[in-house]
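Can you keep this structure in mind? I'll have questions shortly.
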Amino acid sequence: MFFQFIDILGTIAFAISGALVAMNKRMDPFGVLIIAFVTAAGGGTLRDVMIGIEPVSWMKNMTFVYVVMSSAFFAVLFRKRINYLRKSLFLFDTIGIALYTVVGVETGIIAGLHPLICIALGTMTACFGGVLRDMLCNEIPVVFRKEIYATACILGAITYVVLSFFYEDKSILYVISGLVVITIRLVAVRFQISLPTLYNEEEGKDAL
Amino acid sequence: MFFQFIDILGTIAFAISGALVAMNKRMDPFGVLIIAFVTAAGGGTLRDVMIGIEPVSWMKNMTFVYVVMSSAFFAVLFRKRINYLRKSLFLFDTIGIALYTVVGVETGIIAGLHPLICIALGTMTACFGGVLRDMLCNEIPVVFRKEIYATACILGAITYVVLSFFYEDKSILYVISGLVVITIRLVAVRFQISLPTLYNEEEGKDAL
Amino acid sequence: MFFQFIDILGTIAFAISGALVAMNKRMDPFGVLIIAFVTAAGGGTLRDVMIGIEPVSWMKNMTFVYVVMSSAFFAVLFRKRINYLRKSLFLFDTIGIALYTVVGVETGIIAGLHPLICIALGTMTACFGGVLRDMLCNEIPVVFRKEIYATACILGAITYVVLSFFYEDKSILYVISGLVVITIRLVAVRFQISLPTLYNEEEGKDAL
């Protein structure tokens, strides 16, 4: 029950973020719906397809489908007021990637894959919806440029894998590694922490 | 027989549309062939992969492969005269999306998926080849901006699903829902009907 | 043993080529790693997913994963000196596409697919990593514009398929068709050979 509630919050945040990007690109209602859907379902779909879980999960989860459709509809309807919700959406989104990460890792473990692959699957589940959204909107994926998003997922996924060697109880694993993702992301955003850049100032100026 | 003939017409239209876009981007013969192929096969491939029909359908359908290759070759050869065929191509394309839509819905029903998912699969089969074509050509997918295309598919797919509760005979379902797609598209293009835009004039001017 | 060595060389070249493009786009370390991975694994992943080999091959091949990660790390570390390695990298890359091509064809043959599909799978395995890399970096795929790369793969794949009707011994097939790919590419680059363009000078000027 609790996890399903979290899941819905995350889906709402992902779907609305997709819808907002699509409206920024002035897409029509159909495009907005598709981008909302791709943002929310893309990571999990890629994971399922590469592991061989087919039909992919969301096709058997109508709650998910209804939540995405309602969120996209909501975003279109209140697109001018959605700014007021920015903080809630950021929080939902953070909760969402935390849950998506642990679900992705768990799926890999169930499929009997190597721990490193499980970590990749967790990160992919959380991040690739956004990557697909940006590709469809003809942008370089933002997650490749603002690394703290992915870093939080990777560290959460590592936590899950490491703890899974010691604990059997999945609820504990879910909560602890989920909290790792959430904490890192909140702290990083609050204190504007980011990984050291690969490129020095000079190079930066050249590019601009 | 009749459906196979229709299928080939649709494939030709999709492949040529892909080849034309690729040549507009000044791609080489290899690129033109690939884009033609992706445009014709992309929607069905995505559908098959997500449902778990593998190897994907076109790998076992050599007629399809030959038709796409010939169409791409034809488009390259007569690229300067293809304007004369614009009306025929538009008609083929309309027939093509109608057939692709019903085939997609039917595939979902056979896989035992929820009606809403079947509608999504029908629309995806018809529209995603064009989406992939535009992504490969570095454009925002046109189908997300000119919604009548997708709307026709969605309404046709809904028709199919609803009718399938009442009729057993698939030929009837195919013909009626196919005609719905074709009629909506032709009427919309003829009378320049489109969904009301999400963005008002002012916003529009800002963007331009 | 020998083939595994070749495989690693190819993977290194692909991963570094991905990392370099990603750094050109000023991506962060996470983005660089992902693009390196996608470049090296993309073609094979698409092939496996469309045929239905799941989990996809690289998920069960940790050597591959480690090689990609080390190569990306190496590319980031020595990004300013990597120019000195350009010739070696070009050679590795040529060897890499040769091997990827024959592996792709072979996978199709094992799956019992039509020879034409096998040729497509070989070319896809060799070329689609680069296509995905360019899509993620928001570029029109270079392979669609400089056709000699794909042409070499196609001819090598055809060689493999034709020879496979006459020879049983896979090592011979691998070596001969691999050498076809390598020779064509080296000769083409050395003598700047390319297919005749579809577009005449005039059209070219118009576009510029």
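Residue numbering begins at 1 within each chain, and the chains themselves are lettered A, B and C in the order written.
Throughout what follows, a contact is a pair of C-beta atoms (placed from the backbone, for glycine too) under 8 Å apart; a residue touches a chain by one contact, two chains touch by 3 or more.
Because the structure is a prediction, the values reported are computed rather than measured.
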Contact graph of the chains (line, ring, star, complete, other): complete
Residue numbers at the chain A-chain B contact, same meaning over half shared and different meaning under half, come out as different
Here the gap between chain A and chain B, centre to centre from mean Cα coordinates and rounded to Å, is 30
Among all residues of chain B, those touching at least two other chains are 49, 52, 135, 138
Within their complex, chain C touches chain B through residues 49-52, 111, 113-114, 116-117, 131, 135, 138-141, 143-147, 150-151, 154, 195, 197-199, 204, 207
Residue set of chain C touching chain A in the complex reads 22-23, 25-32, 34-35, 45, 49, 52, 54-56, 59-60, 62, 65, 76, 79, 135-138
